[in-house]
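Across the two complexes that follow, chain A remains constant while its partner is chain B and subsequently chain C.
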Partner chain A sequence: MRECKILVRSPADAVQSLLFVVMVVTLFPLAISPDPSVLAGIAAGLIWVVALLAALLAAERGIQADFADGVLEQMVLGNTPLWLLCLIKAFAHWLSCGLPLLLITPLLGTMLALEALEIYWMLASLALGLPVLSLFCTLGAMLTVGLDRSSVLLPLLIAPFLIPTLILGTQWVQSGGQSFYGYMLAALLSLSVVTLPLATGVAVRIAVSR
Partner chain B sequence: MLQVNALSCHRQGEWLFKALDFSVSGGELLEIRGDNGAGKTTLFKILAGLFDDFDGEVKWDLPGPPLFVGHRFGLNAQLSPAENLSFLMALNQGASSREDLEAALERFNLADVVDQPCRNLSEGQRKRVALSRLQLTDARVWLLDEAFSALDAKGRQVLTELCQDQIAQGGAVIFSSHQPVEGFGLTKVLALGKSL
Partner chain C sequence: MWQWFHEWGSPKAFYMRSGKMLPWLGFLTVVLLSAGLVWGLLLAPSDYQQGQSVRIMYVHVPAAILAQSSYVMMAVAALVALVWRIKIADAAVQTAAPIGAMMTLLALATGSLWGKPMWGTFWIWDARLTSTLILFFLFVGVLALRSASGRGRNAGRAASVLALIGLINLPVIKYSVDWWFTLHQPASFTLTERPAMPVEMWAPLLVMVLGFYSWFAFTWILRLRLEVLQRESRADWVQRVVSS
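For the complex of A and B:
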């Protein structure tokens, strides 16, 4: 609830992610080739890479402020379970970064000459994959918050963990929706939702004791 | 309520404090004194449970966590005092009604800024927002690190009254302050640092 309000008060954050994605996707046809067959070949990979980068860029947003303002301290001290608060933080990340991306994907797909069915699989893979990215990014942000040069450390630390999601997501689209990849992605999502908030909670405890 | 045995803590190779023993029970005020850098804030963090790199024992005998107001107030700059307060209360003991929140803020003379974003508020105003929690909480022990600084005379008076009420109801207050605080009766003092 609080996170939604913060998002509404600073819509620039969500717009920033969206703008980044749209800009990169627009530049690619200009820089490489406007040929639809070339574009359709790289489209799935491109959208996924941009999604991953956008998620990483947005990771520290809000959490840095929460650390400086002492909100994280109060989160640790309160009666509310920390994993639940961390899950909400991840949800807020998804809300400001994942959801706008998901909504604009049909447009991006059309720009990159994807066919309707491929856009459908693209949406499915992003719907399952973006929450995983958000969960990992929240974990990474909590691990590095308050450290010097955290913005350098964070991508280095978290990017390797995002790659399985990227591979499964792009393969799912490129294989035309082979159910194996879908199931793996869904499994990854369930596993992340259950385990990562707990790990993030521990990271918050460490962060506030610095 | 609180029993501390042989508490020692060092940072960067230097002892901040060594073998501290003290206890706090219901109806007591404890003032922690010390120069800048003497370890007051670290001690508060240890007592609150935020910092666990220490030797010794800190035993709480309380139904819920103590309430901690430190140098960082836990207020988001985008949200209004009422929203921040309601979030902080929700973290601990569930929702508070809008009337309660407004009454608490009004006592600290913040009625005009209830719905302004906190980034527009001055340091002293934000401190008063953070301290408004004291009127809503049911925590039995308050940990107030430098709570009296940056407050105007009116704010200090309200805070003193709140602490007195808390003591009268059998709670306890542990605070630190650089200026002497008027209006408190019997206060235990714990001195930290070289002046010890």
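For the complex of A and C:
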């Protein structure tokens, strides 16, 4: 509940992610080629990579401020299970970064000359994959909170773990929706939801003890 | 048996005992590595397909094997450090990370050099190279987090958590990269297993692998001893050791 209140009070964060994504997607046709066939070929991967970058950029939102204000210590000391609070933090990350991206994907797909069916699979893969990114980004943020240059450190640490999601997501779109990838993504999502909040809880305790 | 582990867990005991072991380990390393290098680089037969450039294999393959197993060793040390809070294990994670990273870099570099004469290119995005590159990033991540964490008592815990998460994710990453590659592998390009090697070629390879393991153990213990001295610098026994 608290997380939602924070989000609602500063919609600027979500807008920031959106603008970043649109800006980067705009850069690629300019840099590579405006040819629709070329763009359609790279679109799936491009949108996924941009989603990754946006998620990494947004990872520290809320968590750095919470560390500075001592909210993280309250989390550790409180009655609510720590893993639940971490899950909520990841959900907040998804709300502020993943959901806007999901909503704007049809626009991005059109900019990159994707067919309607491909956009549909893009949405499906992002719908399953973005929560996984959010979970990993929250974990990374908790591991690096309070450290020097944490904003540079975090992408370096978390990027390798995001690679399986990236591969599965892009393959799902590029293969035209073969259900195998969908099942694998769903499996990855379920595993992540169950295990990552626990690991994030451990990270919060470590962060608080700094 | 647990007692034996606990005995080694004390920094002072580790320092004293490893001090006795170290010269023997160093001797073993020198013997294995020099024998392996001479045998592999000079005496072993050259490949009928690749000629002399196959000899890079005698450095590249052990480096790659060590790169992967050193990550596992580091992650096991991380588990011990996190769960049982043994200080030596924490120091072990800290000292293993740079060695592992260099090993991975060596594997990548020698692989690159081997790739040019063998496959005509310094780099290619196949499953094994990509996985090794990701392994390098995992090592660098642990290193970076460790160095950013400073020197407190709990400084190493975040890096240990990261090493463990890396270990758990390693099969997932390898699986997805393998599979990403098999989807995109061009039909004419076969990067499958090398044909079975004759004894004259895998024997020196085995010696080199053992030599690399022995070198890794030697270097790790050496660094660990230094780290122990630094961490326990205020203890009496350290003063005695340093002043003697």
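Criterion: the second predicted complex is superposed on the first by the 210 of 210 C-alpha atoms of A that agree within 3 Å, B and C clash if a C-alpha of one lies under 4 Å from a C-alpha of the other, contacts with A are read in each partner's own complex, and residues count from 1 in each chain.
In this text, a residue touches a chain if its C-beta (ideal position, glycine included) is under 8 Å from a C-beta of that chain, and two chains touch if they have at least 3 such contacts.
For clarity, every value in this text was computed on a predicted model and none was experimentally measured.
The superposition on chain A brings chain B alongside chain C with room for both.
With both structures placed on the common chain, the touch criterion links A:Leu139 to chain C but leaves chain B unconnected. With both structures placed on the common chain, the touch criterion links A:Gly177 to neither chain B nor chain C. By the touch criterion defined above, A:Leu77 lies against chain B but remains apart from chain C after alignment on the C-alpha atoms of chain A. If you stand at the C-alpha centre of chain A, chain B and chain C are 90 degrees apart, rounded to the nearest 10. Of the two partner chains placed by the overlay, only chain B lies in contact with A:Asp66; chain C stays clear of it.
When the two complexes are overlaid on their common chain A, residue A:Asp148 makes contact with chain C while staying clear of chain B. When the two structures are aligned on the shared chain, A:Ala159 is found in touch with chain C, with no touch to chain B.
Judged by the touch definition given at the top, the superposed model places A:Pro106 against neither chain B nor chain C. Judged by the touch definition given at the top, the superposed model places A:Leu168 against chain C, while chain B stays out of reach.
Shortest separation of chain B and chain C in the overlay equals 7 Å (C-alpha atoms, whole Å). Shared contact residues of chain A, touching chain B in one structure and chain C in the other: 209. Across the complex, chain C is touched by residues 139, 143-144, 147-150, 153, 156-157, 159-161, 163-164, 167-168, 171, 188, 199, 202-203, 206-207, 209-210 of chain A. The residues of chain A lying in touch with chain B in their complex are 2, 5-6, 9-10, 65-66, 68-71, 73-80, 85, 208-209. Across the complex, chain B meets chain A through its residues 45, 48-53, 64-65, 68, 70-79, 83, 87-88, 90-93, 117.
Chain C meets chain A in the complex at residues 82, 134, 137-138, 140-141, 144-145, 148-149, 152, 154, 157-158, 161-162, 165-166, 169, 172-173, 175-177, 179-180, 183.
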